[in-house]
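Shared between the two complexes below is subunit A, which has subunit B as its partner in the first and subunit C in the second.
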Partner chain A sequence: MKQTWIQKISLLILIFSLFRVGAQAEAAPSAQDLLARLDQAARAEAKVMRQSMTLISPGGQERKREMMTWSKQSDQGDQMLARFLAPADVKGTGILMSAEDMWLYLPALGRARRVAGHAKKGSFMGSDLSYADLEQISGGGFGESYEPLLLEGEELEGTDTFALKLVPLQEGGDYSFLKIWIESQLWLPRKIEYYDHQETLLKHLTTWELREIEGRWVALKMVIKDVQKGSETILEIKEVSFSEEIDDSVFTTRNLERGR
Partner chain B sequence: MTGLNKFIQRAPQLTIIIILGITVFFAAFLPRLELTTDVKDFFPPAHSEVAAYNEIEAKFGGAEYIMVAMTAPDIFQRQSLIQLQTITQILEQIPGVGQARSLTSVDNVEGSEWGITMAPLIEEIPADIEELSKLRSKILADPIYSGSMVSPSGDAALIILEVKPGANPVDVAASVQKAVAESSFSDQLYLTGTPVLNQVLASSMKADLAKLFPLVLFLIALILYLNFRSLPGVLLPFSTALISVIWTLGLMALLGKQLSPLNAVMPIILVSLGSAYGIYILARFQEEEKDRKGKQKALAATLGSVGLAVLMAGATTIAGFASNLTSSISLMQDFGLFTAFGIMVALTISLTLIPAVLLLQKPLEQKSAPPEGPLPSCLFKLGGLVVQRRGLVLLLALAVIALAGAGLPRLKTDSNFFNFFDPDSQPKAAYELVKEKFSGSQSVEVIIKGDLGEPAVLEAMKAFQDDLEKTGLVGKPTSVVNLLERVNSALNGGDPKFAVLPLSRELTAQYLLLLEMNDEQGLISRFLTMDYQEGRIQALVKDASSEGTRALLEKIGVLVERHFRGLDVSVTSTGIIVLLNALADLIIQGQVYSLIFSLLSVFLIVRLLLKSWEGSVLSILLIFLTTLINFGLMGWLKIPLDIVTVLISSIGIGVGIDYSLHVYSRYREELLKNHSPEQALQRTIAFTGKAIGANAGSVVAGFLILIFSSFPPLRYFGSLVTATMAAASFGALTILPALICFKAEWKEKSARKKIMEV
Partner chain C sequence: MSKQSAENKLLLSILIAVLVLGMPFFKAEANAVLDGELKSLIRLQTSSPRVFQAEQNLLLNWQQYFKTGLFHIALDASYQWPGGEGTLALDQAYFDYYGGNFDLRLGRQRFLWGTALQINPSSILNPPNPRDPWGAGLPVYGLNLDYYPWGPFQLTAVYLPFFRPALEAIPGQPQIPVEIPEPVWEEGQFALKLAALGIGGTDFSLSYFRGRENLPTLHSVSPPQASYREVQIAAADLATAWGDLGIWAEGAAYFPKGGDPYFQAILGGEYGFRNGLLLWTQYLQGRDKSQKTQKMLFCGAQQTFALWEWRLASLYNLDQKGYLFNPELSFSLAEAAVLSLGARYFGKDPLGPLPPEENSIYAQVKVSF
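Presenting the complex of A and B:
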């Protein structure tokens, strides 16, 4: 997720051009513009969050977990520390992720262990979102992996949206394409549909409880439904802060092993 | 009968138009008719075994797998691994396939001094021989893969395809089969698993029917021609049979019912039996028309005489089929209901359409009158022999009965669909290959409900699995226990000493969390529910026959008692083989009920028709013996009682009773002519012998065609119905007269005694 200077400059140009578009009033924005604005709105230099994740199986059984995450997006690459708070038997379990590395700490075992391989591939903690999905929606952005095409926008939950079809730039991904509906004022995604390789709907993500926190608009609740499996995941943000300074020492194995 | 007769007499055209209209109506639904081979469809919807199966499917994902085995001199040659990877990727892209697990696609958890690796088992196929041989020894030494994904000798690999929930397993199997056939190394690939089997069964059954049905039609037409030697003589009974098939199958389609391996023989039964009624009517009409002037009179006489007899013969046949309604197997109920309906249609058409057409057409031209020659001397001799040597006849009969009775304990039920395939057929070959190289292709699923986060429960599961494996009845059982052991070892530097269960509840929970973080293939959810309150132990079964399954389930019961007693858990077993086993039980149970029901209802009908206790009791006794002989024969010949052969007894009773009826009514007719019982019996055998032989011959002809089927159960079915008809007709001409003789003698003796006493 390391940004090159080219990307940074292009982003600046983009933001500048969007202001100008705003000034000239209502010239139709291109698909690329829309996606860039969406991605930009999701970026956060630093984010501290307490969230809960509820998994609901097709059979109706539930599993709920709560965790605290610290994340930072910077020149040195993205860093993230996640620590489980509940349920009690996994409390203190933590993962530390940086661009290259992943470390794991299990309190019942003691000592952090490095995890190699594709731990970031696949489903996020058994949820209906993959690590890649989550990364894209919570700051990583879609622009790097998808080519946007403009679709007819529509009204969703009483607000106007822009709609885009996102086609993967590279073959061999998880999806044939995505459809995304973007809230036209707040630049938050309201709904994302993921289509499998047979181009049938695989799952959809919807966002709820949009709130302004520290000057930023945030969707406090995300519901992901796998329409093929029938399972569901609910992600809820309990607390979030974008202004907290996160010291680099947070993202160390020593801190990971502190377990709290 | 007279009301119907009047209507037909008044409006023959209208009768024909109405019948044709109804036929067109039902024919329109025919294309909708489908064939099912899903074992679940055999059960009533609320059956507990099916409910248990559906529950685990909903909770853990499919328990039906499509297995593709790939053979090669050495799987660990670069070329072979590339082939395995290619076909795995191709199969994974097929719509409806959830996942394709093989050596080239699975993830592996491995430990080392510095941490753990979670990566594909084979990240890149090695190019040099040394690397390949290292990979070979590593994988073959790993109990998780050796014997489940690759044969212990390394000469076969398995690709396990999971069918997505909601997708039709049979359709998915068809696409997989196509993809495998199109592969450039298809000769190395073997396809098996329940969905594949069902798919092959469905398609070959359709092909089989398409081949056999015209044959039966041809044969019936030929018999009709030999009987009547005229076009209407062939066409009328023939169309009767066809119309009954169209109405019946059309009604099934209309009601959303499906054909199954069980009732696929229905069209053949309907044609064989349904044409007979027309034959009687037509033959009698020809006779009456010669005697009387005018068709109307001839028709009225025909319907008045033989019409009633045909109605009664039909009634016993219908009762025989309807006896299947007492079965708890839904498809068997359908079979009973719709075949009974079809026979009823054939009866109705014979009594309406045929008379209507006969009224409208020109007088039948008899090219050559049926030869009414002298009584066949051999039958007369047989009659004499039976009457004189009745003691010997009964003694021989008793010997046959004893022999048949001895065969009864040897009778086996088997509901495994694999029996539908010849030993050298492709599905059977693949099944045997997977059984030989791996454990098997069908699984038993042991479901544990309770707190699976609790180390004591996990330890019990572990001990249960170890003991289950030691029985030798299954391959290596797999559950969340194996996953936990693997993570434990990996997080302890890959030390195999640590391939044991974690000791604390916390560590267990944390391992599970770690596994979930990396559970790309949904492995955890296949073995454990979200709330950790339910888990499954899965084991591939080596002997999936009904007997093998029964032995296995018994063993599982013992082990469950041994390892889970005292724990707060409940344990149940399910899986396709468990369903098949339950089906076998239902078959036996259903057979007993339907036997009782058919004997009883046929007895009542016969009593009504013959108005004689003696006649009805003796007839029923004879048909009971015939049924006994059928089962004894099956026991001795090792023909299992399965979903097709189970139908024989109801056909045997419903149709076979007719011969006894003929013999007994003729006997009474002869008695009225002032013959002694001995003389009357001898004459009866001589007179009815030929008719009975001809009737049995035409009934058997249709069923005999089934020996050309590609399915062993249908072949057995055809031969056994033939044997039953032969026994019923021969018994009616020998055992029944001998019994009547004895009865008469005994009656005479007791009468004489009474006179003496007086």
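Presenting the complex of A and C:
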């Protein structure tokens, strides 16, 4: 039986519609895909950084710290060693995170001391970031701790972003939820809002100075503002390398206690 | 000059000679590092008689790093007023060598054993400092070898060739002589420790010490005399977590020669809140050298804000009903400069065998460089 011209047009419309739906599906990835891409972009097999951390009190006084961090993703889990270089009163202080274990080395104490899970909720060396926040944005990622929900993206600083609401997978987490805006081409976070358990904005993190280094895009500057306390922390990457081989012995308490 | 002092000077001379002569044989990795801190303290004794005291303290650290180790020398200079007494003392002075699976430290040093806070029953390698009984112990000459046979395990051996006494007289009874062991090799002390770190979220260690007690014991003979008894110590400690709660435990059993065994055990925990408040506590139970029961509760809290930090440490002796409160408020004046204001309040009986302190309020400025 010959097809009528109406049938032919209907078939064309159907095929066109299917292509359009497919194209839309590709243009708008799922919330899980977005979070996976964000986490993937932040992960690095090995990373060595020299950073400065400026702490700004609600009254505007500034204190500056310098630190080196070594991080590595391996079969044993994520590992990170941070060591403070300046100023003199914190120089030599070190933090080792290896999978779920965490040790703190204070030069005055002269030995590494195990710190429990609660410490990860606490402030990282007086900053507006907790240890857990730092771990997540430094490559640990959000996927293991949060369920993503898609929000409407918007333009931030002249770039298109995807937006997600991240809801903790487990009760008793540090925040009631997070909102995160992801740069649509580079898959870097441009802004993260942290909400307290009263669902009130607690602090926000914004990223600046996006640069391509050794084939990877990196935000060289992060500004964290605690809107409830009025304090601010600026983290700036001074040097970064993704190609340096880091021996596993770096992530040991033996190395931590050497203090350098 | 006492024999002990002469021995220390001889050892220090040998150590400095080794450091100086050894330098050309090691390839320097970086320039020498000189850092330290200057502390200026004023204290008012609040109990009668009211006495005003001031103390300046300068700690200088010199370190020369090498690819396979470092030299470290620390000098401690202090000046006290009234009295105008100034002292310059060698604090730590050691050489570190880092081998493939072992680390060696030789020289005047502190050995930090145990997981408990401030008081460590398993650690008597360094004598307590009579001027600061709750602070770090006095450094001693010795050799520390850490061997890393496999994975998380660590074996430590310590040898102390000479005994350093904490006290040369019994506090409050200076007429009773204390027999000090001769600084000879035969009086050497040693310790061994097997530790494992990060096994199932737990660090633990087992240790053994053979040497002398770190405080003298009064003999009940006529004429009265005191001595540092020979002792063997078996100890264990662990640090772990229960949920978000940090937990530690440490215990030691002491077997003195010619005396009854005694023990000390500590159980502690800490919890930190999202607002930065940290609470900790630890409980000590045991017997002392004279078989007196010891029950002590330590509690503390601290919270850090941008430039401020407050701290409260307290100690309660459940047997002697003695207690101590030490609140302190610190403010960051500038980079690496901190002002601390605090008070030390002691209640009723002394807290231990060392000289009791008077109640006081104090202010301290610490500048690190």
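In this section, the second predicted complex is superposed on the first by the 208 of 260 C-alpha atoms of A that agree within 3 Å, B and C clash if a C-alpha of one lies under 4 Å from a C-alpha of the other, contacts with A are read in each partner's own complex, and residues count from 1 in each chain.
Throughout what follows, a residue touches a chain if its C-beta (ideal position, glycine included) is under 8 Å from a C-beta of that chain, and two chains touch if they have at least 3 such contacts.
All figures in this text were calculated on a predicted structure; none of them were measured in a lab.
J.: Would you check which partner chain A:254 touches, where first means subunit B only, second means subunit C only, and both and neither mean what they say?
T.: After superposition on chain A, A:254 lies in contact with subunit C alone.
J.: Looking at A:63, would you say it contacts subunit B, subunit C, both, or neither? Reply first, second, both or neither.
T.: Once the two structures are laid over each other on A, A:63 reaches both partners.
J.: Does subunit B (first) or subunit C (second) touch A:126, or do both, or does neither?
T.: Both subunit B and subunit C are touched by A:126.
J.: Using the superposition on chain A described above, determine whether A:238 touches subunit B (first), subunit C (second), both, or neither.
T.: After superposition on chain A, A:238 lies in contact with neither partner.
J.: Going by the contact rule set out at the top, does A:89 touch subunit B (first), subunit C (second), both, or neither?
T.: Touch status of A:89: both partners.
J.: Tell me which partner A:116 touches in the superposition: subunit B (first), subunit C (second), both or neither.
T.: After superposition on chain A, A:116 lies in contact with both partners, subunit B and subunit C.
J.: Quick one: classify A:55 as touching subunit B (first), subunit C (second), both or neither.
T.: Touch status of A:55: both partners.
J.: One more residue to check, A:228. First (subunit B), second (subunit C), both or neither?
T.: first
J.: Kindly list the residues of subunit A that each of subunit B and subunit C touches, one partner per complex.
T.: 55-59, 61, 63, 87, 89, 109, 113-119, 121-123, 126, 229
J.: Which subunit B residues qualify as touching subunit A in the complex?
T.: Residues in contact with subunit A: 55, 58-59, 93, 95, 114-120, 164-166, 453, 491, 502, 504-511, 513-514, 516-522, 524-525, 529-531, 533.
J.: How about subunit A: which of its residues touch subunit B in the complex?
T.: Touching subunit B from subunit A are residues 55-59, 61-63, 84, 87, 89-90, 93, 95, 104, 106-109, 113-119, 121-126, 197-198, 228-230.
J.: Enumerate the contact residues on subunit C facing subunit A in the complex.
T.: So the residues of subunit C touching subunit A come out as 35, 37, 65, 98, 103, 110, 112, 115, 136, 146, 148, 154, 197-198, 201, 203, 239-241, 243-248, 270-274, 276, 278, 304-307, 332, 335-338, 366, 368-369.
J.: Mind listing the subunit A positions that touch subunit C in their complex?
T.: On the subunit A side, the touching residues are 55-59, 61, 63-64, 87-89, 91, 98, 100-101, 109-111, 113-119, 121-123, 126, 130, 174, 229, 231, 253-254, 258, 260.
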